[in-house]
């Protein structure tokens, strides 16, 4: 951090390299036929879930607030796309633009109540609201399809798997840059200030609740976009998207990846998805015990490496340097 | 400095990734026909899974022993969708792309089926439903690569209305699981009953979350309006739990309950099953009197040391139709098999059946009867006075089917 | 020597609080640690008790090394700790508060609830009152009584006079004298110089985590320089 | 006599039935450097909490520059020009020293939100931040993580953060608590110098009587739920009541 | 609605509430002393239910004695599992931030739930009610299952037992003291980590007890833990985190509420616990019986 210019240059080079690799990946995968198509699909999902994890981390890592209801906004985004495209014949780009807006509205309403509470109580209230939204979507059979979900979301002809992958990648890169900008802006610094010491933040003149609410809304909007993207990828929206166990996914991803870094949650999320599929390829029975593997991994992270993979990498890096 | 590290890391990631790719692309062998089985292994569908699997395994064993199809052996690849549509859809995709399955066969839950059929359509792969039976699959969600060899919710709901309309009850309460299957089933029942018996009154419909097995808050509500009879659209262990819990609430004393009395449910309910309830089954082995069935039941019993449930029989029937079509088309390509399947006649365990070309629905009806204890089967009750309600009597007319199919988006 | 603190260094997180603090307390003595707020008196007591174990140095009690031993074991060996902020269990009645402190000790006369009531008749009157509803003076009485229930050989009193009305402070002083007569050893920490000097045998002055002075009360009384420098007198 | 910058009128506060203080009133003159002393538990910190809006009084008014600020949120009061430094070090530990100061300046200057520009992109703000760091002697540690600073430096940073708000009134809660004797006097010198140079009104709580009587223009004694005495140091140190209640008897 | 029906539904709802109370009180108790919200409480409850199922197949479970034996064996077994978990894992995170605590217990949920799947398979199970509890009793001409009556008797007994333990014994005093100032309690010679371990075991015992009762009431399956833990959250939030009395109130409100709202609102009744939970948190975050935390 002390050497701003060199570390940010390294960051840019890393970022551009990764982006280029990701952009040319489908060309390589395309040679593999069906297997390749499957992996393009998996990579698209990874990108979307990475965005979801990053959106949560705006509140979790940077804001220091543990939300157990973040999936609600992810789900709201998904249902927005599904409903608009299925029932109102919206084009995809408009539906994808609406998803973060609707999710932001939902986040504004929920957040207005939640940011009044601290710590554990905040977590439980987000859980309560998340479950409340889940239940509403679940019970409103005529509108949301209830337990069946909404299927057959249309897909524009032009968007084959590869094109959709590229679309998601472009959206992801844009979102990444926006999130990076927000985190480094004076607003982002204010949010960190609140995380570090909420009481003191008030005494340097920061309107804590308003900043937290704004952050909550921004995070909700990105989650909504991710939800919309996943909805279009799967071509359906489903109540599970709002369930609290879905909220746990980006938390795990952030923790595994490292929640005090920008890319940590995205890395964590991708690693987890990849690991699951990797284990499945190694042996089919691994799917049955996937939750055990994930649980043990999580225990190890909680007990021995609370800074996550990025923290681990930095530690090793620092050690080898000195 | 950091870049060097980073390059190593990136290279490492790429190596692991490529290794996985190589592993996964080698997963398929050329001399087998893979059937992707999206199952509901856990939860309320679990007992069904066992029976379906036993039926499928038996069929595959037999046909492979007879040389397979065009020399290729059949192989089953199983996934557990846990009754969750999103998981089911992802698995359908994974089975087609990564496992290279030629055909998909059916989930238990209709919600999963509705999700999976879309994937099958997208990749133009045949999906065969032998258990999940939403009527929507053949109408509003119809797509040419799907086939249904199980009586669908419309056939069942209307079929039960036909049966019950002959009974004296005038006040019904309905209860069912809150998802596609329950909704379709009870709506079909209501509309057919209204047609046949305008004097019948539906007092209340109680919706229960799929998988919920504690009925303590639902049963008093169900009984509050004092119905004369109850039509329940539960299945599997949810139905079994409902019956067990309804008994001490005195439900059966006040109002008989009708529902899907399949063998697995009867088995798991055991002696808690009241006698004298009118219900239906999809394929009761004890009541179907065809030579194929007799042979099947014997073989099945010898192999598994238990009687074949409806699910085993329907899964087996589904495989008969599918392999028959493959042989006729002399191909395993979906496009060609689809063409043969539409209108295909096949010799099922339930007798001669055909698949209607317009909606890819087999003409399978329901079997209705009254529960009773039987000296032949000690562990469970069976139905007596079983009457078949043929599909032709209650399924949708071709015009109706086409109308609904055209409403589809 | 009943208690020997040998050159302990204690940290809160990264900040170094105590620097080579050494204290001796003989059986039957009343010893006072004098010093301003934040001088390290409370930390010394917490270090003895094992609540914030010292990083280096030793705490020897009755010949046994108790450095870094869990607080409950230290208490069972015979050290009673009366915390500065009293920490009365607010949801428990006075009686229950005393009951929690009860500890049967082998071989010596134990304190019983009746003896405590004899000593503090007021507590008997309040027996069924919730601890959270007591006044400051009553709470101070209760917290001392609660610690006595464990029949300690040594009792650590952390700023007992803080926030009490002068008349209560006077009663407290008399009580400390009584404890001494009963044979209980007392290590006191105080800001109130006048009070401390009146009821103690020896004094240590703590400042910024260092022991700046040690000696008998008589010696301290005579040392004008020390008093001026550290006690703002 | 100039108009008071802060006037406390008939202030009362109690917690769950325990009265902390009852009906206290006093005036703070612009430009004064004054101390509040009193035994532990007398409510000194509570008084600061009330003035800065962290707590709401049961009764009474707090007039800051002619405006009753009772019921206002702390961040609004800060914007009126009142800053505070804390007894326990209270900075943003996982942020750098520079970030600590810069975010404070940004908050004061803009009052609105910046999402786009990097927080460190304004030369003007950075220059200002370094000026403040210079004045509290931390300029060479700007890029250190503030949580890793020595205790004394954290206190300085805490004061620096308060200064970055360019307050008209600065409340310091035990500015030298927990410092070594050398650090103490350095800090005292710093406070005094800042006061001289910046002409900020300063009120501080302190236990070290040498410091209190050494630098204050005025001393207020909070004891027995009331303001026991108020006056220049020499008067207070001679006040019989204060001696009895707090300072201890003259030997 | 006739008043007979009203009373009938009330009794039925109270029975639901009592069952919920037995499980939720354990969660609340553990939170009170350990300050950890234990997501895995639901999993332990589920393990209790499945253990009861396995044992019932061994002990021909149709006799009342057999069922009582289940109630005597299974809860202590769960308490022992709790002991292992507390000593090996929970103890290490008491002083950590609450995110890590939550994630530790969530990791346990993942592991334990999957272990249940591996051990018992995915099939729903049930325990046959003993003959004596299989029938029903007549209330205003309506049949109420004897088993529900049994729960209605056992629930208050457990509540009374907990009350007695917490408010009438020295152990209870120590547990309540540990809620306020564990450090001080340690300085008084009480082995606080053992108090925490035992409290955790007691919480697990209650989860196991609830599991056995549920096994006789309805089907048990893999989803039951997840579903119940969220209901328990609602209960303890409504009653006040850490308060056993609050858990009782919260359970009864949710139990009766679900029963009564079913009639007019149908499927929307299921929204009620979450709506109430959110409402309570917004209006009075510390619940009915809890205390505000600073």
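Worth pointing out:
A, B, C, D and E label the chains in the order they appear, each numbered from 1.
One rule holds in what follows: a residue touches a chain if its C-beta (ideal position, glycine included) is under 8 Å from a C-beta of that chain, and two chains touch if they have at least 3 such contacts.
Please read all numbers here as calculations on a predicted model, not as lab measurements.
Graph distance from chain A to chain C, where chains that touch are one step apart, equals 2.
The set of chains in contact with chain B as well as chain C comprises E.
Taking the mean of C-alpha positions as each chain's centre, the chain lying farthest from the centre of chain C is B. By number of C-beta pairs in contact, C-E leads over the other of C-E and C-D. One simple way to say how far apart two chains are is to compare their mean CA positions; for chain B and chain E this gives 36 Å.
Taking each chain's centre as the mean of its C-alpha atoms, chain A lies 33 Å from chain E. Centroids built from CA atoms put chain E at 50 Å from chain D. In chain A, the residues touching two or more other chains are 138-139, 141, 288. Looking at chain B, one finds that residues 80, 178, 209 touch two or more other chains.
Each chain pair that touches appears in this list: A-B, A-D, A-E, B-E, C-D, C-E.
Touching chain E in their complex are the following residues of chain B: 41-44, 46-47, 49, 80, 178, 205-207, 209, 211, 213-218, 220-221, 223-224, 237-238, 240-241, 244-245, 248-250, 253.
Across the complex, chain A meets chain B through its residues 10, 13-14, 17-18, 21, 29, 32-39, 41, 86, 138-139, 141, 146-149, 151-152, 154, 234-236, 238, 240-241, 274, 277-278, 281-282, 287-288, 313, 317, 321. By the touch rule above, chain B contacts chain A in their complex via residues 1-3, 5-6, 9-10, 14, 16-17, 20-21, 23-25, 27, 80, 84-86, 89-90, 93-94, 96-98, 100, 110-111, 114-115, 118, 122, 141, 178-180, 183, 209-210, 409. Every residue of chain A that touches chain E in the complex is listed here, in rising order: 60, 66, 68, 113, 116-117, 119-121, 123-125, 127-129, 131-132, 135-136, 138-139, 141, 244-245, 248, 251-252, 255, 288-292, 294-296, 298-299, 302-303, 306. Residues 49, 51, 70-72, 74-76, 80-81, 83, 87, 89-92, 96-97, 99-103, 146-147, 150 of chain C touch chain E in their complex.
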